[in-house]
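Both of the next two complexes hold subunit A, though its partner changes from subunit B to subunit C.
This part shows the complex of A and B:
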């Protein structure tokens, strides 16, 4: 049955829970595999990386991969901090702006009546299913036309409109009852107030989920660095990590790429743990029935 | 005029929007404007351009792009001459159609388990959502390369052999491959679990209480309360899953498109890749439409009846109008005929 309350975990432990926990445990192991693997892989010494059949767990953990990575980054012309800075700026700006646009558009498309609403929604749906790679060159042309090639904007603009996020958030806004909005309008709230005071707090879980998704997309994106930016000092950390692992010889690169994967993964994990309370609580506490 | 006529006329008359409605429309548009601008430039325009590219053969020369208009040449070539595209597309369609229900059902089961009052619930939820932040990155590619994403111990050959007894060969291979990549399938279900959880938590618990008071079992509660309530979310999840699988970097067709985009051969190149992308997107849209049609919420009985009554009313009004018009026309005809036979003794009344 639906469990209501601020705390996720029940206070007591009952015998009836055992069967559910027994059911969940094997699945948990499956689900946790990739994370365990990434962490283990990064600490594997060279001979274990190439062992066949591959081992899942590390036997003799070393930090060799990390030291190799740092050594390689020292020899490069541009310091690593520059790439970290680039990635941070790009990711944070993109997340904030795209979430703002997405929630605004979702509110309007879901709750306000105006012409062409359904056409817009259809366009979004079509865009969602379109292959992103196919629009690479048109995008490049737009970039050159607007003169945003080789700037931070080139990283941010193409990722601002995330059709999947809009689709997801709109579904959640649809669930907000109209009567709630009507009550607010009756009390003299403006559209802006309804948006900030009702819609945003109510769809917080959806926003948190969308934030994680957008973060994923921006953080791991190499397309913009590859195609839209030529200046090396403006490229992102992901791109840098990838070149480091690939540029050196492939044997040594394997270990470095494993370490790089772990480093790239950690921000994901941190953000997720920060947001997880929001994501996990979902709508239980928001008072919608 | 009868009452029915009046109603019919009223419903067909155009209602002009008032000032309030207009204002609402303007605020609505204002809220979407930033999104529209972004979508126009980076989605609509680029998609249009890529369609134009699909109709051309594009060659990159030092002087810039060289366009040659080939019409549907690219498409026919892909469908008839490309050795990779069609088989991979078929494989993609079967694997998607098979794995989407599995992912959604798995997500629903997990969500229902997680929704109950169990200890360490927060921890469980965390673990089940964690794959989401792994599978979308380049890490997934590494995992797949290492073979960590497949169960190597399961003998897929045996499953294929067992299944080909009563299934066509291609289906059997697809299903056994699905068994092999079961872990990946489960990893893809993080967001879906979350969406289901939020839907489950919104179901009013008093509904279950009422059902239990009337002697409903848990099984019945699931079919009569849980499933109908979360139906829209099922559709959402299905669409999300299809889109996720289709746009994934692990997808072989995406790699194929990318490869042909940067291949220097004469007939391939950007136009060819665009055509491929359009074909592929069309197939994806088709899959989504089919699933959506299967799951689309049917309107309830009352609404259907109202619609039917309205339709009947319109039909009747049309009939009345038709008869009226015919009457006028006939009257005119008779008048004409009478004029023609001005001097005849017959005046149309039947008696001389």
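This part shows the complex of A and C:
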């Protein structure tokens, strides 16, 4: 009975898969528990938050924690809507600019011949190992020096360059057949036209992936609020949610911070579910050679 | 990288610079300059108020010989954390990716989503969950559960007891370590040509384990390297999240990682020069680990 080599990505269900599913299941459950818990916790009424012994699942779900969250901001002087507004503006501007810069650079690094190209690519690849927290202080100094400290811009500028995103998009642009671009150049298209008319439409999966990556970084970022902005009315929703979580170490505060965590988590999840096919497409070309 | 293309006739098309410019600008100002500045500052004494004064290698000498907390707690903690969450998490994500690829698409997609979702929020929003689970009194989920099954009689104060801090931080780290590298591994495994497996079977491969070693891994080295780099960076930049969980400094420095140590010196003690030296040490550690990953997975060396 010779071994035939097994099939990766099976089309149908086979008995051998049950074994794998059973092995994976405990781990999957462990990974899912905290998220399942937070969803339950966020909807627990007061008496269930206080309940002893503590319950994992919610019995009578309410929206109390969410309303408490909004009420808490009224006493703080700055309404929660302000933080929501700040976060929306900052997140959308950062994503748009970052994607524009990244796709432009990816196009140039992949398809235009110019002298500094390979040096730039190597620098960017080295920067994929960059650890942002390590240079918090110098970044602070740079921002003070450029006068961007304590403004909206302070949330946006440091997060625009994402070396991993550029790498992934560039790998994807590499897949666009040269013959297609050559034909366009032959017809008299300029580099700018090739970029907007051919490259952008053809690399949508990579753009979606980069958008998710940038979104995740901006949406949950606390460093900029903590270190680059002093004015509370300019800070982000993440920052506000976190001060709540820390200030209210009581049981009631727990319910509120669970609600807050859920609000922060859901957009990430929805975005990923919507775009996951694009992400997997992009990941197919993610290898470093 | 030897992708010499024939598109533009000129070897040096100035438009290339134009297209790269916006990215290059933000990259330079917010990544490159800060790194260089950190290197310069690491040779100075700087308290954020007076102009920095040059002290040569003093900060580095202090790191190596005079910082007991660093040598006794921070460095060992960071290395243990990097090995378990970085290397261990990497191996785990490969094994999981491989297992998922043996399942049908719908099941795989759901499992992958569950495994990936903890890494989405980078942990920050999830701190509250861990606080409730590891709460030190009997209302804490873990305490309650352990007492119910009779493993302990009194609640354990998880987040203060130095014995448990590093393991807790490692569990949280592993929980959120199935990130973009994990997705890359799945894609890598799925893209391997099936003919390779058939050929392998003819050449005498007897089981799935041999298949993994002789076919799967060698055929997806680029993805292996990408995921390795992501794991390394992920492991070394961890720290800020744990400040919310255990405080900074953590009780008895039991879960103090190098990022926490940098924050401690930079933002609590305002010894910016020293913090910069620690930052340079951190960046060097990341480079070192990445070098090893590069050695393991570059295309040139054949199995």
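Keep this in mind: the second predicted complex is superposed on the first by the 208 of 289 C-alpha atoms of A that agree within 3 Å, B and C clash if a C-alpha of one lies under 4 Å from a C-alpha of the other, contacts with A are read in each partner's own complex, and residues count from 1 in each chain.
Keep in mind that, in the parts below, a contact is a pair of C-beta atoms (placed from the backbone, for glycine too) under 8 Å apart; a residue touches a chain by one contact, two chains touch by 3 or more.
In this text, all values refer to a predicted model and were calculated from it rather than measured experimentally.
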Where does A:93 make contact in the superposed view: on subunit B (first), on subunit C (second), on both, or on neither? neither
Counting only touches as set out at the top, which of subunit B and subunit C does A:84 meet: first, second, both, neither? neither
Please work out whether A:58 is in contact with subunit B alone, subunit C alone, both, or neither, and reply first, second, both or neither. neither
Answer with first, second, both or neither: which of subunit B and subunit C does A:120 touch in the superposed model? both
First (subunit B), second (subunit C), both or neither touched by A:205: first
Touch test for A:189: subunit B only (first), subunit C only (second), both, or neither? neither
Report for A:35: first if it touches subunit B alone, second if subunit C alone, otherwise both or neither. both
Using the superposition on chain A described above, determine whether A:180 touches subunit B (first), subunit C (second), both, or neither. neither
May I ask you to decide whether A:21 touches subunit B, subunit C, both, or neither, giving the answer as first, second, both or neither? both
Do any residues of subunit A touch both subunit B and subunit C, and if so, which are they? 2-4, 8-10, 13, 17, 20-21, 23-24, 27-28, 30-32, 34-35, 37-38, 41, 54, 56, 100-102, 104-105, 107-109, 112-115, 117, 120, 123-124, 127-139, 141-142, 157-158, 160-161, 163-164, 166, 174, 191, 195, 213, 216, 220, 222, 238, 242, 257-258, 261, 264-265, 268-269, 272-273, 276, 279-280, 283-284, 288-289
Would you mind writing out the residues of subunit A in touch with subunit C in their complex? 2-13, 16-17, 20-21, 23-24, 27-28, 30-32, 34-35, 37-38, 41, 52-54, 56, 100-102, 104-105, 107-118, 120-121, 123-124, 127-139, 141-142, 146, 157-158, 160-161, 163-164, 166, 174, 178, 181-182, 185, 191-192, 195, 213, 216, 220, 222-223, 227, 238, 241-242, 245-246, 251, 254, 257-258, 260-261, 264-265, 268-269, 272-273, 276, 279-280, 283-284, 286-289
As the complex stands, subunit A meets subunit B at residues 1-4, 8-10, 13, 17, 20-21, 23-24, 27-28, 30-35, 37-38, 41, 54, 56, 100-102, 104-105, 107-109, 112-115, 117, 120, 123-124, 126-139, 141-142, 157-158, 160-161, 163-164, 166-168, 171-172, 174-175, 191, 195, 205-206, 209, 212-213, 216-217, 219-220, 222, 238, 242, 257-258, 261, 264-265, 268-269, 272-273, 276, 279-280, 282-284, 288-289
In the complex formed with subunit A, which residues of subunit C make contact? 1, 3-8, 10-20, 22-24, 26-27, 29-35, 37-38, 41, 96, 99-105, 107, 109, 111, 113-118, 120-122, 124-133, 138-141, 144, 148, 175, 178, 180, 183-184, 186-192, 194, 197-198, 200-201, 205-208, 211, 220-226, 229-230, 232-233, 236-237, 239-240, 244, 259, 262-263, 266-267, 272, 275-276, 279, 282-283, 286-287, 290, 297-299
Which part of subunit B faces subunit A closely enough to touch in the complex? 21, 24-32, 34-36, 38-39, 41-47, 49-50, 53, 110, 113-122, 124-140, 142-143, 146-148, 183, 186-187, 191, 194-195, 197-198, 200-205, 208, 232-233, 236, 239-240, 242-244, 246-247, 254, 257-258, 261, 270, 273-274, 276-278, 280-281, 284-285, 288
